[in-house]
Every structure is written in structure tokens, then in C-alpha cells.
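You will see chain A twice below: alongside chain B first, and alongside chain C after that.
What follows is the complex of A and B.
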């Protein structure tokens, strides 16, 4: 990618026409890629003139040249094991390095019968995803989750994973998918496709982690389909290298009485945009969205959520906490739409933000669009500094200022981490958040 | 132990303490009484090192050092303890975490190793018994959702753990029912020794029935207007502040 001009898109066009991209044997995919690319050419990257991108400039990203990596990238086993905080727990693990699936490092042997978890292009070539209709998340078409990056994602999709959990199947151990960036800069268009059949339960950790100081770009779509009474615990950990770009959209379509529990923990990166859009399509479906972001130096971390209550007795609850330090910049934008027929709906949203320096900035904005009266909606947003009286209280107990600041900041984050149900995941995330914060509070 | 000379202090431009002289020796209990707004909490916060108050005159020597040059955390590590009139709530930080961090900060300042988890539990259980607090309070967030009385007892628990050289108790009695008051008073009395000193700040004489002071001072409008022994408190009880200040 070079810049937002026709000339620089020739690199992408070249990739498409040379059939260098994988999976082109599937005619429907080749044709879909072409159409998505045409759509991309029409609109380009999102600009700040668009309401949804008002706070986040993609200019720096559009002006950085990357190459799409299509080759297997070696990663030393020792280095990998040090990188994976879950290694001892022996979760079902899929490892991608610089956007390419690494079979040797993955651990997929003990999945319950009937569960399919594989690289997405392989799933297409083996007809597990056999048509455009099956692939596309049509319910989200024309919505804010369709933008320049998402069209480009499909046009250039090089990898990702496909997970299908059959009816009434419960996967006890979490599935951990790691996207590791190391050694060489690259651009990756990663596409994940998750289908939870009726009554199935799973726990999924999507984990993005950068090991080296370098600039790279992960452009991610995760399409999630929850059928009746399905339950998905979805934890996204974004821990990219400081100079990385990360644009990700999770788009969920929910069936009757399904539950989507989403956790997003974001730190690192030069620019992180992590969106969660969920459509409560059928009645009594429920979405619980939690998130924590920590932006420091010149980092920019933007979470947009969009919850559509399209049916009766649907519930949503959101709780996001943001921290900005140095010249860090955070954004939380929580849009909730309640359709006319969605009676008996409840929607709750909390956004609490903490500024650790005078130059840091966080913008938080609820957007409620409510088209019926039978709704319980509540939202609250706060932005503030550490409580000086609490710091003084700690000081009078002998606790040095630096330690007190850490203590209070960690406590702020911990409240959200505590909502994770899996105790292992909780303690690992505590540990991750703790190291991010320790690294951060040096005053 | 501590010598306060001609202490004047302001918050912003507003003068609050207008020349305070007070000397406390090891082993003594002093009480400061005074009407609302007379500057009692201001004095206690200045002793503890609150950054919002400006000392505009006078000096404080504590164990031979110039106290005003030390930041609050170092004062605490040197044995000064303030039980707050309004203890601060810290959501998300468990009581036990704070207690342990506080004890370890003090131990580090004394050149001691951090306490191990088992020894700490033994120690804190003994201290809980002293103030008759249930162990479950250890795992609750610091003061968050505590009743007024629980907060005050929690302050004394911290005091018991940290074993201060100079403890300043700012209206620890207010908001306590008579049973809680007795428990707190017993706790404080049992922590008192010939090597430490206690400065009790109170609005009412009631507490002084249970903790007998060696000296009583009456603070009015930023000045100590009268000092005496425990009988001064009784006099105050019969005459009221107005009768003594006139």
C-alpha cells in the first residue's frame, strides 16, 4: 500500500490479476474478490469526513508501503513458546506468523468430534465454505462495518481461520488463535469465519502480538454467526508492536436466545482500530461487550461498537475502560440502535476513562437511536484523572507515589478483567495488563 | 517527639492556622478539641503531608528532623500515621493488598525484607481480632461501601498493623455507636506505649472517657486558645465552646 491514489492501488490490482492470491481455484471467490476490489476502488480508504472515522486518521497508514506476505515465515520454537502466555494450558492453538498459518507450531489434535477448525483458504478449497452466500455476512452489508478496509480485506484475503462448532457441542478448552508479527514488515488481510450451530458453546481467544520493533499492518475481519442458543466467549487481545497498524472489525449476527460475550484488550500499536458490531437479529439474544485499552506515547486506540437491537427482548450491556498516558489518544464510540419492533429491549452502556497525563486525550461518545418506547436504556461516560485524595491516602500509608499510581490504575483496569469467567484467562490478562501498565507508569 | 512552633498555614490564599505551638513527648496522649471549622483537620493533614496546604510560617521538628521537607509517604515510613476523619474509598484495590503494600513500604524503608505471605496472614489476623473486624473485610475494596463505623475501625486496623510512632486520630469517634467506640478505644489504648504518642482530635468529650489524655488543647479559629489536663475537657462539657472561647 502506498497512498490513497489510483497509482498505488496498482500493486493490489497486480496481486489480483496475477492470481498470486490463494484460493483462486474457487471461482466464486475469484469473482467476489474482484467485485470487492471494484467497490474499494470506488470508495478508497475511509476519510475523517465520515462520521465513523472522525477521530481516526488513516493517512499515516495509507502512506506507508508494505508488501503482502504470502510465504510461510519461520519462527523459532523457543521464541514462540516464550511469546505464548497460554502455552502451559495446552489450549487448542492455531498459530499464524506474519499472516500465514504455521502448522508446526499449532496444536489442534484434541478438538471434539465434528468441530472444524482450519485455515480459511483450506476451508474454501475443501468446500467447507462452498459459496459466496455462505461466506458473506450479508446482514451487515451496507452498515458501518462495511468500509474501505473490509472490502479490501475480502479482495485480498490471504489467510485467517474457519471455525465451525456443531449443534449442542461444547468445546471445554478455549481455542487460542495467535497472529504473531516478527522479523519482517508486512501487510496481512486476515479473515476469520466462525459458525456456532444451535446450542453450541465455545471460548475463543483471538490474539495479535508483535515481537519486533517494526511497522506492519494487520487488517482483520471476524465474521461470527451465532445460531439459536449458541454461546460464544470471544476474547480479543491486541498487543501489537509500537509502530504497527491494526484495523479490525468483528461482525456478529445473533440467532434466538444466543449469547455473545466479547472482551477486547488493546495496547501497543501506532494505530489500533478495533470495532465490534453485533446484530441482535432474533428475539432474546444477548450481547455483553467489555473492553480495556491503554494508549501511551503517540498511540491511537479507537474502539467503535455498534449494537443493533432488531428483535424483541434483546439485551446488550457494554463496559469499556480506557487509559491514555503521555500523548496517547483513545476513542470509544458506542452506537446502539433499537428498531421499532424490538420491544422489551434493554441496553446499557458504560465508558470510564482515565487520563494519566495532561497531554493525553480520550473521546467517548454514546450514540443512541431508539425507535420504540418499550426500552430500558442507560448509559454513562466518565473521563478523569487519578483521584488525588486516594493517592494522598496511599501516601499516608507509606506507599510511594509511583506505586500508588500503579495501584490505582491497575485497580481501574482490574474491574473489567474481573468480568472474565475463565480464571486462567483472567490471571493471564491481569499479568499482561500489569506489564503494560508497569511499563507505562514511570513517574 | 514532635515540636510544632508558630505554625501558620493557608489553603490557597485563605489563612487557616494562625500560629500553633504544640510539643508532644513520647508516651503522651494529647487531645485537641475545637468547634467545627477551627482547623483541626487542617492541622492533621499538614502533619501527614497533604500537598494542598501551604505552610506560611513556623516549623515542625519530628524526631530531630525537619518534617516539612519530607513527602507524605516518607513521613508515614518514619512512623507518622493519620486516621482520616473521612477515610477515602478506593474501588478495585482490596484492603489486604493495601495493608500489605503499606507494611512492606515501611519495612523497605527500615531496610527489612518484604514480609512473606504466611507471616502476613498471621499478623493481620491478630490485628483484626484487636478491632473485632471480620476477615471478610480484608477482601473487600478499601472502604468502598463500608459503613461509617466500619471505615473508622478499618483506620484503626491499619494503625495496629503499622504500629506508628505518632498516631493522629482525626475525629475517629464521630459516627461510632457506643459499642464501636469502646472497641476503637480499647484498640488504641492497647497500642499505646511509652515509646509512642497519640494526638486525638475530637469534637466531643465522649471519647476522652475511654482514652484518657495527658493534655487537652482547645483550638479556635486556627489558634490554641487554652491548654490544660483532662479536666479541661470536662469543663468544656459543662460550659460549651462558647463559654470557654467568649
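What follows is the complex of A and C.
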């Protein structure tokens, strides 16, 4: 483990020049890595002077860098099976342990014909991703989702997955991708690339879970391309260890009449920063972004969303609920931009927050940037404590205060969880949220 | 639609009516800024040494600062060395005893603007301090106010006659280090208004300042300081106009309000600086720092602003809610047309216990204008039971304009209750159709709908101003039906 920024920079450089990062056989990737690294050296990690990082300091992260794994990491099968809440449902499962793909634990046998789901480096080596143009999500270049971490991700990408769903194909069972952290501290730069062809449907669960009390760092990019009429249900569960760092950027580019549904549930990790950026590039595309975060102890959870309405009759709806407890800090920044030609746009944004302790803090900023008049946009934000009257109502029914608090807080979160379509996912998330809250809501 | 667009254009192309220039001899410094200019300004105003030292400190700090670039506005860089920092209409004698001694040309200017100082002197109602370019030219009703112990005079007079108050309060709400434009203002400000309301006095009339930029290439840097002592009340109005010129002119003012225990200050602004022509040429850059401090318990500060002028508006009237049970309010209508840009809003800092704040902001954008609301509601740790309600709505007229909302909410106390709501839309076809059905033409209908949209804010204005504001909204929008 190294201890300061200069060291980590030289470690990164060493990785890039001396060690064989996977996939360097592809010349375009090697050159792209180098360019992204140069860009990273120029700008470094984001600082609080940048508007998008105003509430989130990355100093702690910049000062503690970890080793990056390049070899398969062991994980006991029994331990894995206990960890995977969906094990009995036999979802299509990909398992990453400490940043490295684990083939033996994964379950990828029953995918519908034509669907490709494999480790991203393998996809590059087998020419499924054959050029920089195909790999890069260019529509997002120069936008807020391009920051120090995203350039570093591409420079040092060691794994991730590639998913391609062919035209009009519907994958019935969800795809469950687990990123498990255990035993030894590490740093991982994971890159996911998802292409949904015309009329295809899929349900994807990105699941981050830490098994041991230790500090580690996951830096993730998911690039999502939705073609005409495609539908992707994307659920991200962030249940990292208490001391973990988690930086994730999800960038979606949407084609005509496509639908992107994103759910983010964040409860574990010391520092979580999640950027969800959606470009409604073509007509009638639609995005639904929802999320719940629970920040406790000394946690810092930051959700940034950016929705660009670039074409006619596009719709977006956003709803984030946050809870800050103990010394936790929750940040929400939702930005909606409506371009000049994007007539008939409808955008709605809601941020509701509960502040449960005197040491906790909530910062929320729902932004609208609108450059044309044929729009219907609204946003609302609230920050407050539990409703005194509701607590009183419970008290009159003989429910102890502690329990009443739990009930009300749980109900606050449940509202969002209830909108999930998959009943299994819903009950598992209820279970996760319940256990996080039960630990927390003491008098 | 075409027909409507023509109407819009006619309306949009209406000229600025206060755009005339008064030919007056003026006493001005050469353009440029350095320590000597500041010394000269200070000497011309015959200021005590503490003022000069304060100005110099501000200037030295300003030199180290860079111009902020975070606002949602775009303009070519300002050359601070090409600005004239002092310009005053030439007067024959040292001090004026009555309005009769004021240059008649000047009085005529104010009459043209609809503010007849003479008339106002006779009719009871509003006491006016008129600021022409950089200096205060006349203050009406001085005597009558004096009976109550109220001090209402130009800033320079206050420096001469009440230095102890100036020393105590100047820069106590907006320190010279606050921001780039506040530092510049502190270094070079030439005049402004000063108000002191003594303990327990309810000011019997509206106090008003009228700002006019006349000379070319001058910047107007005025500073207003209002102190409401324990249990007092004052309502203060501010209006502004400028001639039409092709160059942009800078207006960087600072307003400081101090409300002590149980005092209340109501500050209303109708800002109608020259907005530039329809191609966006010329106009005033209005970069203003306004802040009030509710120092005492149960104090209240209320800002009301109607912003229709200026090429660029960059201002955030704020309230520091320091006293327990203090109240801050912000009511704003910002209307932008043609190529105007506005980035305006408020900051509410909840510091004391049981503090309340209300923010109502209405933005109207037409033509190619960009209109942004930027606001901060901050609840600090000790601010038990803070309460905030924010509503900001935007109305868009025409396909090329923009409306933006950037509300910052920072809460560090769980007993706080913060609500924020915003909406953006255009005037609905149904609303227009309904009016037309009843024989109201499109233009009147739009004007009616816009006035309805702003009503919540306009009703906060004193009556005389409300009428003017409504007219102004109608005029500024004329032709923008779409």
C-alpha cells in the first residue's frame, strides 16, 4: 500500500509501462490507455474547486492507493454461495473477486442464443470490441462524466464485462454481476460495456459487496448503448465494506424510443460517488432514474445525475431519496439539460431527504438548464426530520418511539423500492434496507 | 403563429424609454485605476483617514483576486483600466441648501424619468435621494425625517457627519474581501445612500434612492448602508436607469442592511438599467452584492426585486439570519428579453434558532435571453427548527430563450424543514385560447398572464412601485407573444 499521491502516480505509470496490463495486444487499446493516462496526469483527481465535486473530497482516496490485482483471486465456494442472495434463482451470473473475473463461480450457461456476455478484455482480444471508436462512449466526451477517475479507469482498466444483446432478443432472467471484495485490500478499475440492439430487452443487476472489514477501492465505468426501442432495466446495489471507496460512472446513450430504467441503492462504503449520465439522443427516448441512499457513521454518499434531452419528445423522471444518520453525509446533485431543438420535453425531478442526527448533513441541488420553451419541467426537493404527527399517531397506537421511527424511516425508503418490477429483487432489497436501518435507528 | 410572431417582434423591438443623455458639465477623473485614483477620490470627498485606509486595503486585496466565472453568463472581458471611476455633475457651490440650488438640467432629467424631486418635496409620500453618476445630488424630506431622529442622506454626508456609525457598520455585512466586485466597490465607491433609523421609530414614509448613470465610460459604484436600530421599521425603494450607449457600462454596487433586535427592513428594487439594443449591443453590467444581517432576535429583512433591465444581471440579495426567531424573505421577478442575461437569486443562512425564510422567484425569459435562478439555503448546526420554503418558477416565451435553476440546499441540523419547488413551462395554448375567446387580444392576454405569474411578488411592493412595476413588465415584454 502506498501513501501519497505522487507515489500512486508513479505506481500507475509503472503499471502502464512495465507490467503487462491485459489486452495490450490490441494496439488501439494500448495507445488509448496512454492518451487517457496523459490526460489523467494533466488533471489529476478531481478537486473540490470543481463545481461537480464541491461537496465531495477525494483527498483521502488520492492519499491511499492500493495494489491492483492482475491474477485470479481465490474465494471459497461456500462463502460465495452465502453471499449471493439470488443463488437459488439461477440468474445469469458473473462473479468478480477483488476486481478479477472468476469463471468457476460464474454461471453463464443458459444465455439465449446470440447474447454475448463475457469478460471485457476477452471481448477485446476476440475482436468483439475491435476499435477505439466502438469502445469509446464519445457522446459523453468533455461532459461532467469525464473526470480524473474516468480517465484513470480507461488507462488502467483490468477487467469488467461486455454484454451484447442482439436484435429483438429478450433475456427473461436478470443478469446478475457481482463484484465481491474479500481478504486483501486492492484497487480495481472495472469497465463494463453494454450494447442493446434494436428492440432487445434485458435486466441487469450490478451488485457490489464487501465481505471483510478492510479498505479497498472500486473505480467503475458502465457504458451503455441503447438502440432503437431497446429497454434496459439497470439496478445497482452498492453494499461495500464500511471502509471502502467506490466511484462509479454510468453513461448511457439512448436511441429512438428506447427506455432506460436505473435504480441505485447505496448503503455501504466510506466514500461512494455515483454518477449517472444519460443522453436522450434520439426522439421519444425515455429515462427513469431512481435511487435510495443511507449514509451512516462517517459515510459520505454522493449521487450525481445528469440527463441531457437532446431530441424531440424525450421524457425523464428522477426520484432520489436519501437518509443521513450519525455523522453521515448525503449529497444529491441532479441536473437536467434541455437542448434547443428538444421540443415536447418532459422532465421531472424529485429529491427527498431525511436528516436523522445532529451530526449528519444533507446537500441537495436539483438543477434545470433549459434552452427552449416547449417543455414541461418541474423539480422539488425536501429536507427534514420524521413527521412529528405521524410519530404521535404511532404513539397513540401503543407503538414504542423507537419502533415508530424505524417504521416511518423504512416506509420512506420502501416507496422507491416498491417501484421495482422484479419481486425477488424487491424483497432482497427490502431485506438489505431493513437490516441497514435496524442497525441504525436507535433512540 | 406567423401573425403572432410579428406581434412578438413588434413588442420586442420597442425601444428603451429612459435612454436619453443629459448634457451636463461633469467633473471626472481620467480612466484608470491605481492607488492614486483612490487617494484622489478619497480627497475629493474629504474623507477621514480611516476611510482612505479601508479603501486602500480593499484595493490591495482586489488586485490579488480574479474575476469570478461561475455564473451562467457570458461577456467579453472587462478592462478595468478603461473605466472612469469618478464622475460628478459640476456644481457651483460646495453644499446645497435646498433643491433650488440643484442644476435645473439635472432636475429636468429626473422629471423626464418620472421622479419629480420638486413635486415630491411638496407632496408627502416618498423621500428621495437621487444619485447621478457617482454622486448624490439631492435628498428630499431631510428635515421632516430629522424630527424623528432618522438619518437619511448621501453616503458622503454620512461620512462627514456620522463617522462613528460608518466606522462601526461599514463592511460589517459585506467585508471588502467578500468577492471580486465587492472589493472593487470598497476601493472606489463614490457615493450612495445612508439610512439610520433610531430605536423604536417607525419610519413615516418610504425612503427611496434613484440611481442614474449619465456620463459615458463611467462605472457606477455606489454603496448603501441601512441600519435599523432596536424595534424600528423602514421601507426602502431603489430605482435605476441609464442612457442608451453602444458600450457596456459597469455597475458594481454594494448594499448592506443591518437589522437589530425586533427591527424590520423592507428593501425593494425596480432595476431598469439600459438592457442593450435588440442585437445585444451595449447595456449595463449589473454586478451587485446585496446582503442583510438579521443581527437581533425577532428581526426581519425582506428583499423584493423587479429586474427588467441590464445586459447582464449578477446579483444575490442574501440574508444572514443570526438572531433567534429572525425572518428572511426574498421575492423576485427577473425578466430578460433580447440578448439579456440574468443570473440572480438569493442566499439564506440560517444561524440562529427558529429562523424562517421564504424565497419566491419568478423568471421570465423571452427572445434570446438566458435567465438563471441560483440560490443557497444553508442551515448551520446550531439553527434549531429552521424553516425554509422556496418556489422558483420560470416562464419561457419563444423557442430561443433559456431558463435555468440552480438551487443549493445544505442542511446540517435535523430539526430543519426545507422545501424547494420549481417548474418551467411556456404560456399554455389553452390559457391564450381562453382569453382570446373572451375577446382579449394575444398581447393583452400574455401581459395578463405574465402579471398573474408575478403577482405573488408584485404584491410585496409598496403601492406606488407596484403600479410602475406592472407597467414595466408590460413594456419590457411588449411584442414577445409566442
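In this section, the second predicted complex is superposed on the first by the 434 of 443 C-alpha atoms of A that agree within 3 Å, B and C clash if a C-alpha of one lies under 4 Å from a C-alpha of the other, contacts with A are read in each partner's own complex, and residues count from 1 in each chain.
Note that a residue touches a chain if its C-beta (ideal position, glycine included) is under 8 Å from a C-beta of that chain, and two chains touch if they have at least 3 such contacts.
This one's a predicted model, so the numbers in the text were calculated from it and none came from an experiment.
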{"item": "Fit or clash - chain C, chain B, common chain A", "value": "fit"}
{"item": "Touched partner set for A:373, first chain B, second chain C, both or neither", "value": "second"}
{"item": "Which of chain B and chain C A:141 touches, first, second, both or neither", "value": "neither"}
{"item": "Which superposed partner A:394 touches (first chain B, second chain C, both, neither)", "value": "first"}
{"item": "First, second, both or neither for A:363, with chain B first and chain C second", "value": "second"}
{"item": "Touched partner set for A:385, first chain B, second chain C, both or neither", "value": "second"}
{"item": "Which partner reaches more residues of chain A (counting touched residues only), chain B or chain C", "value": "C"}
{"item": "Contacts of A:411 with chain B and chain C, given as first, second, both or neither", "value": "first"}
{"item": "Partner chain(s) touched by A:49 [first = chain B, second = chain C, both, neither]", "value": "neither"}
{"item": "Where the C-alpha centre of chain A sits as vertex, the angle toward chain B and chain C in the overlay (nearest 10 degrees)", "value": "70"}
{"item": "Superposed arrangement (fit on chain A Cα atoms) - minimum chain B/chain C Cα distance in Å", "value": "14"}
{"item": "Those residues of chain A which chain B touches in one complex and chain C touches in the other", "value": "none"}
{"item": "Complex contact set, residues of chain A against chain B", "value": "387, 389-390, 392-401, 403-404, 407-408, 410-412, 414-415"}
{"item": "Complex contacts: residues of chain B adjacent to chain A", "value": "48-51, 71-73, 75-77, 80-82, 84, 87-93, 97-98, 101-102, 105-106, 109, 141, 158, 162"}
{"item": "Chain A contact footprint on chain C (complex, rising order)", "value": "70, 381, 394, 396-426, 482"}
{"item": "Footprint of chain C on chain A - complex, ascending", "value": "51, 340, 343, 353, 355-358, 360-385"}
